[in-house]
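Note that the chains are named A, B, C, D, E and F in the order they appear, and that numbering of residues resets to 1 at the start of each chain.
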Amino acid sequence: MIITRKIEFSASHVCRKPELSEEENRRLFGLAANPQGHGHNYVVEVSVEGQPDPVTGMVLDLKELKDVLTREVVTPYDHRFLNYEVPPFDRIVPTAENIAHDIWKRLEPHLVGDRRKLRQVRVYETPDLYVDYFQEDVCSG
Amino acid sequence: MIITRKIEFSASHVCRKPELSEEENRRLFGLAANPQGHGHNYVVEVSVEGQPDPVTGMVLDLKELKDVLTREVVTPYDHRFLNYEVPPFDRIVPTAENIAHDIWKRLEPHLVGDRRKLRQVRVYETPDLYVDYFQEDVCSG
Amino acid sequence: MIITRKIEFSASHVCRKPELSEEENRRLFGLAANPQGHGHNYVVEVSVEGQPDPVTGMVLDLKELKDVLTREVVTPYDHRFLNYEVPPFDRIVPTAENIAHDIWKRLEPHLVGDRRKLRQVRVYETPDLYVDYFQEDVCSG
Amino acid sequence: MIITRKIEFSASHVCRKPELSEEENRRLFGLAANPQGHGHNYVVEVSVEGQPDPVTGMVLDLKELKDVLTREVVTPYDHRFLNYEVPPFDRIVPTAENIAHDIWKRLEPHLVGDRRKLRQVRVYETPDLYVDYFQEDVCSG
Amino acid sequence: MIITRKIEFSASHVCRKPELSEEENRRLFGLAANPQGHGHNYVVEVSVEGQPDPVTGMVLDLKELKDVLTREVVTPYDHRFLNYEVPPFDRIVPTAENIAHDIWKRLEPHLVGDRRKLRQVRVYETPDLYVDYFQEDVCSG
Amino acid sequence: MIITRKIEFSASHVCRKPELSEEENRRLFGLAANPQGHGHNYVVEVSVEGQPDPVTGMVLDLKELKDVLTREVVTPYDHRFLNYEVPPFDRIVPTAENIAHDIWKRLEPHLVGDRRKLRQVRVYETPDLYVDYFQEDVCSG
């Protein structure tokens, strides 16, 4: 069984590599390469897989889940310019792909447990574009 | 191929275990432990996997699917206080997890067929929290 | 200029008049007359009209607005059975119409100001049904 | 990692088989058998699986993806009567299932690459009904 | 107070005037002039203004409202090609503007009452384009 | 009759007044005062009031409307840091209120006509917060 909770934050980012030329950055990232940056209302869906506890009927404590998501994701990301204020985005481009991976790494140690594991992190950059990060071996036989 | 249909119902529930103390219930279930109950507009997505019929191009008859969902889920659940009016929630806590499992059990015998099977039941308790129930062996090699 | 903020709460209600017969209640309120009650995820949009402050560019302090909405609406309504726990719904039927009117009365004294006034309260009982309450004289000449 | 982009088009279709009787068509397809046709705002979610490029942090070039989706899907489908103007729907019934399969076939040659592959095509016929088409061997061991 | 109920139907239409040239039709209506037609999932919000009944707390009987909307709008419009099957669209172009006006004329006689009147008809042709029809004198002094 | 079209853009902004202290800015604008800025997916609904043309059945040419909205709003605002790249936000705080007013001023000269006028500009900063700008005399007698 999988339980998914949605959270939101608003942030700025710019998609460009300082070592590349302006022309190359524009070719690779389009409008998103504008060095002043631009922003999004990011929506994140965090999915945890596990078996419900037989007494409580819950895969995990929702209050505890909310606290983890707030502390590990919303607080560091919300109302920030990701490239300048949220490592590792001083070193890697804050694409939706890299943001999903970074959120996975921030959450995974706090959500793994005896009867559960982090299953997927979905990041909506806009309502029309989203990325799913999950462990590579999910479907291996 | 998977076809998914969304249905909705409005119901009340309370998340508490009578054998536990008030304090323990509040710790486990938070506001949801309020014994008077509270309610949600539940949204359910039912997914059936199969091959489209070569003549009709459909995995299953949508009219028949709608009739099954209405009869087996909407009619018994809609405008009910789940704990008092919808078994098995007189015995187990109506968390989203347990509701998803119960809907699976109600639907599965009516949706299995030669070329198809029930694949997943998703239950949204709110737009920000949902649960997916599916058979454990979906991805086994 | 009008600024609108959305809030949500989950609650139970039952639409019936104790002084009427079961048959009469069912005729008037349909499934909503079920005496055990049922519930909704209510969504409320609160609209305040005013002129933006020339310095801050804001009609009102959003932090203050959020505090008022939480204290006056979310805290008393959320995770409650309205008929039994939230006056005046011990005396009047908690239809969406009456809920919108009650929220107006709770908020109006806290949102009126020199350069602003409460303009409208919208209550969604479901995504397909909503009610707007506003002062009767809004459009009088 | 999977990246998903949403596109939309508006089209007409009719679900009927010319070789069947009117009565048989109505039984199989219900209102959708009306020979004059009817229409939908179709929403399509195209999912590509791959590893992000270490330099750009992107699974694929979003500008290129948008161009492919526009050229291969939106341009031929949008504002068309599918049965009369978009092959193969002169020969097979344009159910959501068959539309998803056709979109897969149109996109797959353009989206496969060294580090990526088309993972899934989801087609919403209405907000309450959608179909997922994917390769059969996705989960094989 | 205003109560609004949302309904949906799927239909085809074509926007062209037979007395104009192909070139002129394309200039006026763009892709929507394609003579084969195309379709939409139309969403309609019908708003009725009135005072809640002091006993029931409702502006109008929701069951009665639903029956009127189904009988007067959904049944004649749903799964139809508007130009060929739904008068007056054999004579006037079924733009969103004209559809909203036609729905107003169909509903108004059935929704007017002692304590209430039809206030507005909103028609979404797509999620990004909608039209509001209302009586011209709504705001006159 | 009113026709409304939705557009979207992604941008960064920061809400602070350079002449105020850090403490004062934090008190007035909260997290939005972070000098590095943050961003949103802004959604704008532009409403034009008029009478449909008797021949075309349209209040205005939708293609022309889209061109105006793209040229006057999306192109200058999209993927920009409003404070640094979009006047007048070098001088006034880019709150949702001020953005709505600026969009009104950019659009109004292009949308006024013999049979129509700009009626309202709605700006969603997030799905939970929006502002409506309209002419003060809309409802005067």
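Points worth noting:
We adopt the following convention: contacts are C-beta pairs under 8 Å (C-beta built on N, C-alpha and C of every residue); 3 or more make two chains touch, one makes a residue touch a chain.
Keep in mind the model is a prediction, meaning the values are calculated, not measured.
Listing every chain that touches chain A and chain F alike gives an empty result.
Chains that touch both chain A and chain D are the following: B. In this assembly, the chain whose C-alpha centre lies farthest from chain F is B. Of the pairs listed in A-D, A-F or B-D, the one whose interface repeats that of B-C, with over half of its contact pairs matching by residue number, is A-F. Comparing the CA-atom centres of all chains against that of chain C, the greatest distance is found for D.
Centres computed as Cα averages put chain A at a distance of 34 Å from chain C. Rounded to a whole number, the gap between the C-alpha centres of chain C and chain E is 28 angstrom. Between chain A and chain E, the centres computed from C-alpha atoms are 42 Å apart. In chain A, the residues touching two or more other chains are 127, 139-141. Looking at which chains touch one another, you get A-B, A-D, A-F, B-C, B-D, C-E, C-F, D-E, E-F.
On the chain F side of its complex with chain C, the touching residues are 15, 17, 28-30, 92-98, 100-101, 127-134, 139-141.
Residue ranges of chain C in contact with chain B, taken from their complex: 8, 10-13, 31-32, 34, 36-41, 78-81, 84-85, 126-127. Those residues of chain F lying in contact with chain E across their complex are 1-7, 47, 52, 55-59, 61-63, 138-141.
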